[in-house]
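First chain A sits with chain B, and in the next complex the same chain sits with chain C.
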Partner chain A sequence: MKHARTIAIAFLAIVGVACLLPGIFSASDYAHQFRDIPNAAASHEHWLGTDDLGRDRFSRVLYGTRVSLLLAPTAALIASLLAATIGGAAGFLGGWMERLVMAGTDLFLSLPWLFLLITVRALLPLNVAPLTSVIITFALLGCLGWAAAARVVCADASSLRNSDFILLAHASGSGGWRLLWRHLLPNLMPVLYAQFWISIPVFILTEANLGILGLGVSEPMPSWGSLLRELESYSTISSNPWQFVPLLLFILVVSCFHMVVVDRELPA
Partner chain B sequence: MFRGPALQHKNTFRDLAKCAATILATVLLGGLLGATLLRFAPGYGVDEAELDTRLSNGSIQAMRQANGPDENLLTFYAHYLGRMLHGDLGISRTLQRPVAQLVAERLPETLKSLGLGLLLGWLLGLGMAIAVTLSRTRVVDTFAGLLSGILLCVPAAVLALLFVLARAPARLVIGVIIFPKVFRYARNLLARSAALPHVLMARAKGVGESRVLLWHILPTAGPQLLALFGVSVSMALAAAIPVEVLCDLPGIGQLAWKAALGRDLYLLINLTMIVTLVTLIANSASDFVGHAFRTSAA
Partner chain C sequence: MKKHCSRLLIAVLFVLGSAFAQTGGELRFCLRSEPKTFNPLLVEEDSSDTVRYLTAGVLVRLNRQTQQLEPELATAWKTSKDGATITFTLRQNVRFSDGTPFSAQDVAYTFQQLMDPNLHSPLTDQFRPSGGNVQTKILSSGKIAITFPAPIAGLDKLIDLIAIMSGKSPKKEMAVLGPYYVAENKAGAYLVLQRNPNYWKHDSSGRQLPYIDSVRLDIQQNRDLELLRLLRGEIHFVNSIDAEYFDKVMADKPSMAHDAGPSLDSEHMWFNQVAGSPLPDYKKAWFRSTNFRRAVSESINREDLARVAFRGHARPAVGMVSPANQFWFNAKLHPHPFDQASALKRLAQDGFHLQGGVLRDKSGNVVEFSIMTNSGNKYRERMATMIQQDLLGIGVKVNVVTLDFPSLIERITRTFNYEACLLGLVNTDLDPASLMNVWVSSSENHQWNPSQKAPETAWEAEIDRLMKAQASALDDRKRKEYYDRVQEIAWEQEPFIYLVTKNMLSAVSPSVRNATPVVLRPQVYWNIDRLTLHPEVASSK
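Then we have the complex of A and B:
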C-alpha cells in the first residue's frame, strides 16, 4: 500500500507540474482556434488532435486539469474550514448548541447533493464570464460540501471535550480559547486532514458532472466537465479514439486521490 | 429484560410518531430554507417582458406585483405552505404547466429507474461482497476492488454517456453507479462480521459457509446494511439527474435540470423538497426496520 501511495503522489506531482507550466508542453492557447483543421486527428503539432472548433485538445486538457486540480483543493479547504468552525464549535460547546448544529447538518445531508447544488447554482446568474463561473462553481462546492465533514469533526470534538487531558487542562486553569487553540484544535487536525483529502475527489467528480450538464465552468475556459462533455459527440468519437484521453487522465487522477485518502485512513 | 407485546407495540408507535415528526420538521425547515433562497435570489419577481421599452412604469409595477408580490419571507412561506396543503404547488414558469401535474407525470419514470437501479446495484454490490467474504481469495477481492475502484472514479454523467454510446439499457446506469459504493461498504461490514469470535467458532466447528453467512454474518451486519440502503436511495436520486438528462428519460431529474437551466426557481425548489421527502422517508424507514431488526435479535 505504501508503494501504491508513493506512485499515486508521484503521478499527481507530475500532472500538477505539467498543468502549472502548460506553456512548456503545449505551444497553443486553450482558446486559440485553428479554423482550417477542426476535428483533426492526433499529430506532431496537436498531440490529441483538435476539437470541433479547431482548438488544440492537449492544450485544453492541460489547462482544464489545472482549473480542476487547483480549485478542487481550494474548495476542499473552504469546506474543511467551515466543518472545523461549525463542527468543532458545536462539539466543544456541547449541549443545545451541539444539538442545534447537528439538526442543521442533518437537514443539509438530507438534501441529495446534486439536487442541492443545481438548485443553488440556478439561484445565481447562469450567463456569466468564464472566470466568474469557475469561482461560482468551486465556491458553491466549498460552501455546500461541509456538512458530512462537520458531523465527523463534531463527534471527534465532543469525545475530546470529555477526555482526561482536556479535563486536566481545564482543572489547571486553561480558559475556553486556550483550550480550543492549544488542546482541541491540534487533536482535530488528523480528522480535518482526512476530510480535506476525501473532499478533493468528490469535488472533482461533482464539477465534472456539473460541467457535462452545462451548469459548471462556462466556455471557452476548459475544465474536466467541459472536456468530458466532448464524449457526447457520438458521430466523431469512433474515428477519434483520443477523445477518451481526458477520461483516462481523469480516472487516473481521481484514483490517485483515492489511494492517498485510503492510505491516510488506514491505521498505523 | 423481557418486554410484553403491549409495551413493544406502544414503543413501536412512539418511535413511528417520533420518526414522522422528525420528517415533518425537517421538510418544513427545508422548505423555509428553499423559500428563503427563492425569495432573495437575484431576479425574484422580475420578468424578461419588463425589458419591453413600450411598457410604462405602471405596467411594469403591475407585472412585478403579479409575478411576486412584495411580501416578507414568513408571509411568503405561509402562503406557499397554504397553497401546498391544497395540492397547489404553483405553475412552472418555463413549461407553463402546474408543478403538481409535471411531478405526477414524471415521478413514476424516476421511481422505475430508481427501483431497477437499486435492485441491480444491490445485487451486484452485495453479491460481490458476499463472494469476496466467503471465497477469502485474493484474486476475487482484487478483481472486485479494481472494478469498483474504477467505477468510483467515473462521473455519473460519463457513465450515462458511455451507456448511450454502447446502446445499453439506460435504466441500468443507476445500478452501475450504486454498485461500487454498496460493494465497498458491504465488503467492509461483512469482513468485520466474519472476523467476530462467534463466526470463527462456527467455522472451527465445521458449520457450512452458507449457514455461516445466513445465520452468523448477515444478521450481525443487517442493521448497518439497512442503513446503507437508505443512503443508497439518496445516491440514486442524485445520480438520476445526469442519467435522465443524458439518456433522455423523462423523469424528475431531467425536469430539475430543465428548471435549473431555465432558472425556474419555483419548480426547482418544489422538486428539491419532494426529493428530500423521498430521501427522508427512505432513510427513516431503513433506520426503523434496522432498529426493529436489532430489537428482535436481542
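Then we have the complex of A and C:
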C-alpha cells in the first residue's frame, strides 16, 4: 500500500509540474483555432490531435488539468473551512445550537445540488471573463459543498466536547477560545484533512458534470469538464481514440487522490 | 414521332412500376417523444405533428418537393377577390377510416371545432388574426364556402394544416381520412399505425395507396441509440440528423446518407436593443448603431462557421429567408463577406478606434460584450467560440456564456438582462405570414426589441408597413415585392446577424424505395403513401 501511495504521489507530482509549466511541453496556445485542421488525428505538431474547432488537444489537456487541479483544492479548502466553522461550533456548543445547525445542514444536504448550481450560475452576471467564470464556478462549489463535511466535524467535535481531557481542561480554568484553539481544533485536524482530500475529487467530478451540461468553465478556457464533453457523442469517439486521454488522465488523477486519502486514513 | 414514342414508353414504365410496386411490410422509425395529443387541431409538438401528417386527410396539400399546392380532398378551390372567402369543391365517394362517409358537413364541423374558443387550438390565430367569427356555408353536399373575418394572405397554404375530422363518427378524431390510422398506442413505448382501408387515393394503375401495410413509431429520445438502431437495420430512417451523425453514416453506410441542401432553419445572433434594459447607456448606443452591427457581421467568417462548426453541412446565411424557400427568397441578396478592414472603417465612422489592439468607443470604453446561447447545443457553442476568436481580429473581446434554456428565455423575454444572444429559428412555413410575429415591431417575438408601442427606428417602421402590406395583398407577386424589400432592409440593418443555413440531413435505409428526402418537414416521409419496402424487408416481420 505504501508503494502504491508513493506511485500515486509521484504521478500527481508529475501531472502537477506538467500543468503548471504547460509552455514547456506544448508550443500551441490552448485557445488558438487551427481552422484548416479540425478533428485532426494525432501528429508530430499536435500530439493528441485537434478538437472540433482545430484547437490543440494536448495543450488544452495541460491547461484544463491546471484549472481543475488548482481550483478543486481551493474549493475543497473553502468547503473544509466552512465545515470546520459551522460543524465545529455546533459540536462544541452542543444543545439547541447543535440541533439547529444540524437541522440546517440536513436541509442543505437535501437540496438538489445540480439544480441549485444551475440556478445560482444563471443568476450571476453574464459578462465575466473566462478566468472569472472559473473562479466563480469553483467558489460556488466550495460554498455549497460544506454540509456533508460539517456533519462529520460536528459529530467529532461533539464527542471531543464530552471527553475527559476537555473536562480536565475546563476544570483547570480553560474556557472559550483557549479551549477551542488549544484543545479542540488540533484534535479535529485529522478529520478536516480527510474531508479536504475527499472533497477534491468530488469537486473535480462536479465541475466535470457542470461542464458536460455546458455550465462550467466558459470558452475558450479548458477544464476537464469541457474536455470530457467531447465524449458525449459516440459517433465521433470511435474514430478518434485520443479523445479518451482526458478521461484517462481524469480517472488516474482521481484514483491517485483517493489512494493518498485512503492511505492517510489507514491505521499505522 | 420519336418524342411521342418516348413519352408513351415513360408512361408505360410508370404504370408498370406502380403496378409492380412492392406492397406490404412495416415501416419503422422513431419519435423523440410521446405524442401529446391525437386531436389534429391541438398539435403543437413534433411527435403529434408526425401522427397528424400520417393520418390526416386535408383539403389541399403542399407538395414538399415542388412547394406547390395539390388537390386532395378538395378537387378544386377558389379564393374570393377580397381574400376572405375560400370555396372548396369536394371529392366524392370518400369515407373515413371507420367507414363514415365524408361530406361538406365534416369540413364545416372541422372549422367550427377549430374556432371553438374552448378548444384553444394553436392554429386558430392564424385564421383569425384579429378576432371575429368564421362562417361556413354548405353550398351543396360537395361544395362549401368558408368566410374569414378578414382577408388572410396565403390562406390556401394554411389549409394544409387542417385535418378534416368527422362530425358523425363515434370514433371522433380517431376516424381519419389520411393514409393510416392509429391502431395501437403503447404509452411511452410505441405506436402502430395501420393502412386506412378506405383511403381514397390510388396510383396510376388503380392500386389503392398506401403501399406499406403499417408504420411503427418507437419512442426513442436518445439520438445515439436511434442512429445505432438505424445502422443495425431495426428502423428504416432518421428524418433529420445533425452533421456529426451524418458524417458517421457517410463513413459507415454512404448509401443511407441524404443531404437535401439548405434547410429553412436559420442560426443567428442579435444584440439587445431594448431601451429599458439594465445595460449601461454606452452599450445600448453600440447595439443600436447600424455601423456597429454591420461591423460585427463583417468580422464573422461565415465560411469557417459552416465548414468547421457544421463540418461543411451548412452554408453562409444570406438573411431572414433561406434559399430553400424557392418563391419568397430574394435572390439579389448575398451573404455578408468576411472583411475586417471594412468593419474597422464602419466602426471609425461611429468614433470607435483601436488602441493597443483593443477597440474603444469615442468615450474610451473598451468594447467588450457577452454572447449567450443555450447550453447543450454544441453547434451554437462552437459558433459562439469561433465568433469570439473572429472578433478579436477587430479588438473586440467577447465572453461566451451558456445558460440553461429557461434562464435564457427569462433574460430575452422578461428581464432583458443580456447583451447578445445566439439562437436559431425553426421555420416550418414558407409563407411570410408566419414571420409576422417576428418582424412586426409590436410583436413579443421581435427579439432584439420586442413589444414596441410605436416603431423606435425609421427602418422598423418601414418593415412594419411592408409586412402589413404583404399580409393584406392578395396577389403573390405584389406580396413578394413587399417581402423582397423587407429582406433588403433586414440585410442592410442586421437586427439579426444571420450566420449559417444548415443543410437538411437525413439517413434512409436503402430498403425504403421512392424516398426522396426534401427540405420541408416531414423530410423523408412527405410522400408516405408512395413509399415501398424492399421485398425481403417487406416480407420479414
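Operating definition for what follows: the second predicted complex is superposed on the first by the 260 of 268 C-alpha atoms of A that agree within 3 Å, B and C clash if a C-alpha of one lies under 4 Å from a C-alpha of the other, contacts with A are read in each partner's own complex, and residues count from 1 in each chain.
In the analysis below, contacts are C-beta pairs under 8 Å (C-beta built on N, C-alpha and C of every residue); 3 or more make two chains touch, one makes a residue touch a chain.
In this text, all values refer to a predicted model and were calculated from it rather than measured experimentally.
Colleague: Applying the touch criterion given at the start, work out whether A:126 contacts chain B, chain C, both or neither, answering first, second, both or neither.
Modeller: Once the two structures are laid over each other on A, A:126 reaches both partners.
Colleague: Contacts for A:107 in the overlay, against chain B (first) and chain C (second): which applies, first, second, both or neither?
Modeller: Touch status of A:107: first partner only.
Colleague: Looking at the overlay, does A:172 come into contact with chain B only (first), chain C only (second), both, or neither?
Modeller: It touches nothing on chain B or chain C.
Colleague: In this superposed model, does chain C or chain B come into contact with more residues of chain A?
Modeller: Residues of chain A touched, chain B against chain C: more for B.
Colleague: Is A:258 contacted by the first partner chain B, the second partner chain C, both or neither?
Modeller: In the superposition, A:258 touches chain B alone.
Colleague: In the overlay, answer first, second, both or neither for which of chain B and chain C A:209 touches.
Modeller: first
Colleague: Taking the superposition as given, does A:162 touch the first partner, chain B, the second, chain C, both, or neither?
Modeller: neither
Colleague: Touch check for A:231: first (chain B), second (chain C), both, or neither?
Modeller: Touch partner of A:231: chain B, not chain C.
Colleague: Could you tell me if A:219 is touching chain B, chain C, both of them or neither one (first, second, both, neither)?
Modeller: second
Colleague: Looking at the overlay, what does A:118 touch: chain B (first), chain C (second), both, or neither?
Modeller: Both partners.
Colleague: So which positions on chain A get touched by both chain B and chain C?
Modeller: Of chain A, residues 118, 121-122, 126, 213-215, 234 contact chain B in one complex and chain C in the other.
Colleague: Would you mind writing out the residues of chain A in touch with chain C in their complex?
Modeller: Result: residues 31, 33, 35, 38, 52-54, 118, 121-122, 126-130, 133, 213-215, 218-220, 229, 233-236, 239 of chain A touch chain C.
Colleague: Give the list of chain C residues in touch with chain A in this complex.
Modeller: Contact set of chain C toward chain A: 224, 227-228, 244-245, 247-248, 251, 304, 307-309, 311, 368-370, 372, 375-376, 378, 381-382, 384-386, 388-389, 399-404, 407, 417-419.
Colleague: Residues of chain A touching chain B in their complex?
Modeller: My answer: residues 106-107, 110-116, 118-126, 201, 205, 208-209, 212-215, 228, 231-232, 234, 237, 247, 250-251, 254-255, 258.
Colleague: Quick one: in the complex, what on chain B touches chain A?
Modeller: Of all residues in chain B, those touching chain A are 26, 29-30, 33-34, 37-38, 41-43, 149-150, 152-158, 161-162, 164-165, 234-235, 237-239, 241-242, 245-246, 256-257, 259-261, 263-265, 268-269, 271-272, 275-276, 279-280, 283.
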